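Take a look at these structures.
In the two complexes that follow, chain A is the common piece, with chain B as its partner first and chain C second.
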Partner chain A sequence: MIWQILGTICYIILAPILGGLLQGIDRKLTARLQGRQGPPLLQPFYDLYKLFSKEVVVVNDVQNFLVGGFLLFVVFSGALFFFGGDLLLVFFSLTLAGIFFTMSSCSANSPYSSMGAQRELMQMMAYEPMVLLVAIGFYVATGTFNVKEIVLHNGMPAIVYLPGIFIGFLYILTIKFRKSPFDLSTSHHAHQEMVQGLTTELSGSVLGLVELSHWYENIFLLGVVGLFLYKASWWSAIAAIVVCAISYFLEIIIDNVFPRVKWQSMLKSAWMVTLVAGVVNLMIIAVI
Partner chain B sequence: MKVSKSPWLMHYDGSSCNGCDIEVLACLTPVYDVERFGVMNTGNPKHADIFLITGGINAQNAPVVKQLYSQMPNPKVVVAVGVCACNGGIFKECYNILGGVDTVLPVDIYVPGCAARPEAIIDGVVRAVALLDEKKKALSQEQVSSKEA
Partner chain C sequence: MTLEMVIFLICFPFLAALLLFFMRKSGPVRKYTLFGLCAIIVAAVICYAVTELVSGETHSYFVHTELVDKLMLAGEWLLMGLIFYFAFRHRKYYVALLSVAQTGLMTWLELTGRTELGGFHVASDKLTIIMCLIIGIVGCLICVYAMGYMKDYHSHHTEFKKRRSYFFALLFVFLGAMFGLVFSSNLVWLYFFWEITSVCSFLLIGYNQTEEAIRNSFRALWMNLLGGLGFAAAIAYCAIRLETLELQTVIQLGTMVPVAIIPITLLAFAGLTKSAQMPFSSWLLGAMVAPTPTSALLHSATMVKAGVYLLLRLAPALCANLAGTMVTTIGGFTFFMTSMLAIAQSDAKKVLAYSTISNLGLITACAGIGMHEAVWAGILLMIFHAVSKSLMFLSVGAVENVTGSRNIEDMHGLIVKLPRLAFVMIVGIAGMFLAPFGMLISKWAALKAFVDSNSILLVVFLIFGSATTLFYWTKWLGSLVAVHHNSERLEDITKGSEWLSLICQAVLMCLLCLTFPVVSSYLIEPFLGDMFHQTLPAIISSGNIHIMALMLCAIVILPVAMRLLTIHRKNKIVTSYMGGANTGDDRTFMDSYGKTKPMYLANWYLEDWFGEKKLLKPSLILSTAGLIVLMILAIGGAV
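Moving on to the complex of A and B:
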């Protein structure tokens, strides 16, 4: 119990620091891949500080409330995950967080942010089946949805049973991390055709909160990647961290190599991967 | 930590020949790489700290420029890049040109040149960034004094 509470507290305190550093590494690596020097490692923290010290232009108060809901439920899902709670509940509350964020940009009544919201809904449609399959896969492999029991389950790490589901999850992680080719709804790169999509009408500290939520979310998602390997022993912890690092590096490479696709291609390919890698994997372990 | 560590930049092309425009974009390329100062190019006035304008102001884009400026949250800095943005340049005498950017907005930094070289643009941006800190300080002092009153 002590470890569970410690995990939750560590997540709440350390996730923003780690998430910011991760984004700093991301920007540095991206710059290096493009032959540039790139910003300082701590640039995301400078950005966040700046956002919190700027004037806030509020379109309507509902929007602030909804962004607050986004942050709250992202932190809740991550905290519950690192507490060792129910994986299904974790994923559902993550979806709720996503809905809050989408609603916040719908409420602004601006064409660009509604466009971003519609694309975000399309993205959710693309990744949500795979996210559910991850939870189901863990259940079939270990007989429980409980994160703590998954970790303590006797036997091989889950990735041995769920390689297809792992690949499928990596695929939709590109959508969740808002990386090219699937950064349709909003992105850090200057995609000017829809201004900034979801975050168009947000400014100052409210935008800062969104940024903070993304850091929490990224660390939580990497936690799910780690769950495929983590087995409550020190060597599996190292393996989990190494695999998380490799996955994130892979996402950065993909981000830099591929151009953005249309939503049709995203939806088709994401569902195809879900079907081929996820469902087939599930069928095989169900039979065995 | 200072506001100037993370200047996000919005770029608007007024009535120009596009030469300065291309030089602005050249600043983002590996050779000049303004991102090493934390500068990010954003298309969104609500995220921007620095408003970079190339080209002169004409009757059609005057309301657009004013609108973009009014949407930017404080503190903000306006940089006029190129001689057209400074005072109308070669187009100054045209019937539709009102003049430089300062005919409609309070310009903080003037970057000369036709076309302005990337080095000059980066110099202008760095000066704008320094000004951003001053404006932030003035803004917080204003808030303090208004609270006391």
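Moving on to the complex of A and C:
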């Protein structure tokens, strides 16, 4: 129990720091891949600091509340995950967070953020089946939805049973990280046809909250990647961290290599990958 | 004591209907009579539930009932006469044919004495209590709402003939039939009430007497009569071969004797038609031509619930056999396909109709799995669905009465125009699919049950169906919360009685979310214990319940916290960004000719991908083929 609470506290305190650093590394690497010098490693923190010191310019007050809901439930899902709670509940709470975020941009009643909201919904529809399948995969492999029991379960790391589901999860991770080719609803780069999509109408500290939520979310998602390997031993912890690092590096490469696609291709390919990699994997382990 | 209450619950609504039918004059007398009758039914239902819970036993009554049986036979002939009258008047002879076939079969069985097999005719257990509470409370709230609604309805639609007393009477007949249906434990009795609900829904759907209404009402009738025919065939088989007509005995035989699968399959088929599963989904979609209270009643408290009720009862006999496979496959397929079809709809009532069919599909799939955790999920889904769907229909009806439109696009910015109704609607939508609220708990359990029973196909249907469900509900939510600048608040003409009904249901919804562990441990778990003849492990751990309670608290605290955080900070409010082409507010923009153009933000409906034109026909063909093949396999495998 004490370890579980410690995990939760560590997540709440350390996730923004790690998330910010991760983004710093991301921006540095991306710049190098493009032959630029890139900003300093701590740039995301400077940005966030500046955002919080600015005046809030919004379209209406409802937005603040909904963005608050987004941050709250992202942190809640992450905290529940690192506490060792029920994986399905964790994902349901993450979905709730996403709905709050989408509603905030709908409430702005602005052409760009509305378009972003519809695209965000499309993204959610594309990745949701795979996310649920991850939870189911863990359940079939270890007999429990409980993160703590998954970690303590005797046997090989889950990735041995779930290679297909792991690949499928990596695929939709590109959507969740808002990386090209699937950064349809908003991204860190300005897009000419949709400005900043979802976040167009947000500024100042409210935008800062969104940024913070993304850091929390990214660390939590990498935690799920780590769960495929982590088995409560030091070597598996190292393996988990290495795999997380490789996955994130892969996402950066993909981000830089592939151009953005239409939503049709995203939906089709994400569902195809879910069916082919995820469901086939599930069928095989369910039979064995 | 209980027996008297059961008789009262079945008979009183019929008497109430008779009274209301003869109160032709509208006015406060009729209004308060109706409210009084509803109050009596609600009080009786609660009284019955409490006494049953306190005594905590399962009761069975009536062994010898020749007189009542004869009366029921006469009733069946009356129904057939009614169907004949309408069939010949509108030249739909096939309906008469279907009716003759089943009534003839039943008459033959009864007159030759084949149905006199003894056994109990009335039973009451925990599932009956749950159903009674749903029918009594939700059904009566809908009747209360109908009083105010129908007045506005007729002032909006002057072209329809006013037949309000007939309408109210039918609502009560429906409630009475539903009570009878859930109390009957004899198949012949069950069949009688089953037929009343079919005919009643036919009359209610055809209320407007427009060409479309008549066409749709006949579609509902023939589909439900087809189910009734299956029911009658099941009765004939049970009476002649199994020599029992008691539902519980038939189910018990179904788990032991292979031939008993035949009547089980036929009964399940009847359940599928009544709960509007594909390929019979079109009757429920057509039902939306009727006034809103009819839709609310058909979708939430009655009719379709009769179908899933029967399927849930049959659950133990559906476990791990071909009949079960038929039910789960059709249910899962319906869940997935109709949730996709709902994406392309912009008519709020149609979205609700598709979502009903979709949710019923999930309940059906749960029943077909036949394991205790699946049945648990199914019952919980049924409860939550009844309340939230009725709430949704009634709030859509109220919005339609004010704005004259039930298109979701026209609900854009409702939070400013009609804040109270929008809020009620948000509660309803949240209840339908959002995280700590009801449906999701059941979905969680359903998913677990599907995985445990190793049905990969169902898992696939469920995960993809959940994703599409998320899409169409969130789209709607987004429309509601859009804050449109310079919107006027509309005058809310929703009547007091309508508000009473809406608020009661919204409160009920929230209460259910908070107290579902209590409902589960006092009603559902004891029922499952009886059903599966063993004590069962807890389905949802207390840790998870605490976490869900925590989430619920977080949602409640969130607005307060955000208000406190931003109390000292003044936000600068600007108009939304339009690339510099704003013309003062977020309603218009400057086009490239320098002229002002109104801006219109639409949701995505993706007709080319999820439209009825693309998906409906293939899914109907697939499900029909699937149903026929699986039924033949299930029956053929048992012979």
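Keep this in mind: the second predicted complex is superposed on the first by the 288 of 288 C-alpha atoms of A that agree within 3 Å, B and C clash if a C-alpha of one lies under 4 Å from a C-alpha of the other, contacts with A are read in each partner's own complex, and residues count from 1 in each chain.
Going forward, a contact is a pair of C-beta atoms (placed from the backbone, for glycine too) under 8 Å apart; a residue touches a chain by one contact, two chains touch by 3 or more.
In this text, all values refer to a predicted model and were calculated from it rather than measured experimentally.
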Chain B and chain C placed together on chain A: clash or fit? fit
Regarding the shared-chain residue A:114, is it in contact with chain B (first), chain C (second), both, or neither?
second
>> Quick check on the superposed pair: does A:200 touch chain B, chain C, both, or neither? Answer first, second, both or neither.
In response: both
In the overlaid three-chain picture, which partner chain does A:37 touch, first (chain B) or second (chain C), both, or neither? first
Check whether A:25 is in contact with chain B, with chain C, with both or with neither, and answer first, second, both or neither. neither
Partner touching more residues of chain A, chain B vs chain C, is chain C
A:241 contacts which: chain B (first), chain C (second), both, neither?
neither
Once chain A of both complexes is superposed, is A:55 in touch with chain B (first), chain C (second), both, or neither?
both
> First (chain B), second (chain C), both or neither: which does A:47 touch?
Replying inline: first
Classify the contacts of A:253 with the two partner chains as first (chain B alone), second (chain C alone), both, or neither. neither
Shortest distance over all C-alpha pairs of chain B and chain C after overlay on A, integer Å, is 5
Note: overlapping chain A surface for chain B and chain C spans 55-57, 195, 200-201
Touching chain A in the complex, chain B uses residues 1, 3, 5-6, 8, 29-30, 33, 35-38, 40-44, 46-47, 49, 71, 73-75, 136, 139
The chain C residues in contact with chain A across the complex are 413, 415, 434-436, 440, 444, 447-448, 451, 454, 456, 459-460, 462-464, 466-468, 470-471, 474-475, 477-479, 481-485, 543-544, 547-548, 551, 554-555, 558-559, 561-562, 565-566, 569, 571-579, 586, 599, 601, 603-604, 609
Contacts from chain A onto chain C in the complex sit at residues 55-62, 64-66, 68-69, 72-73, 76, 80, 85-86, 88-89, 92-93, 95-96, 99, 102-103, 106-114, 117-118, 121-122, 124-126, 128-129, 132-133, 136, 139-140, 145, 195, 200-201, 264, 271, 274-275, 279, 282-283, 286
The answer for chain A against chain B in the complex is residues 27, 31, 34-40, 43, 46-47, 49-50, 53-57, 188, 190-192, 195-196, 199-204, 207
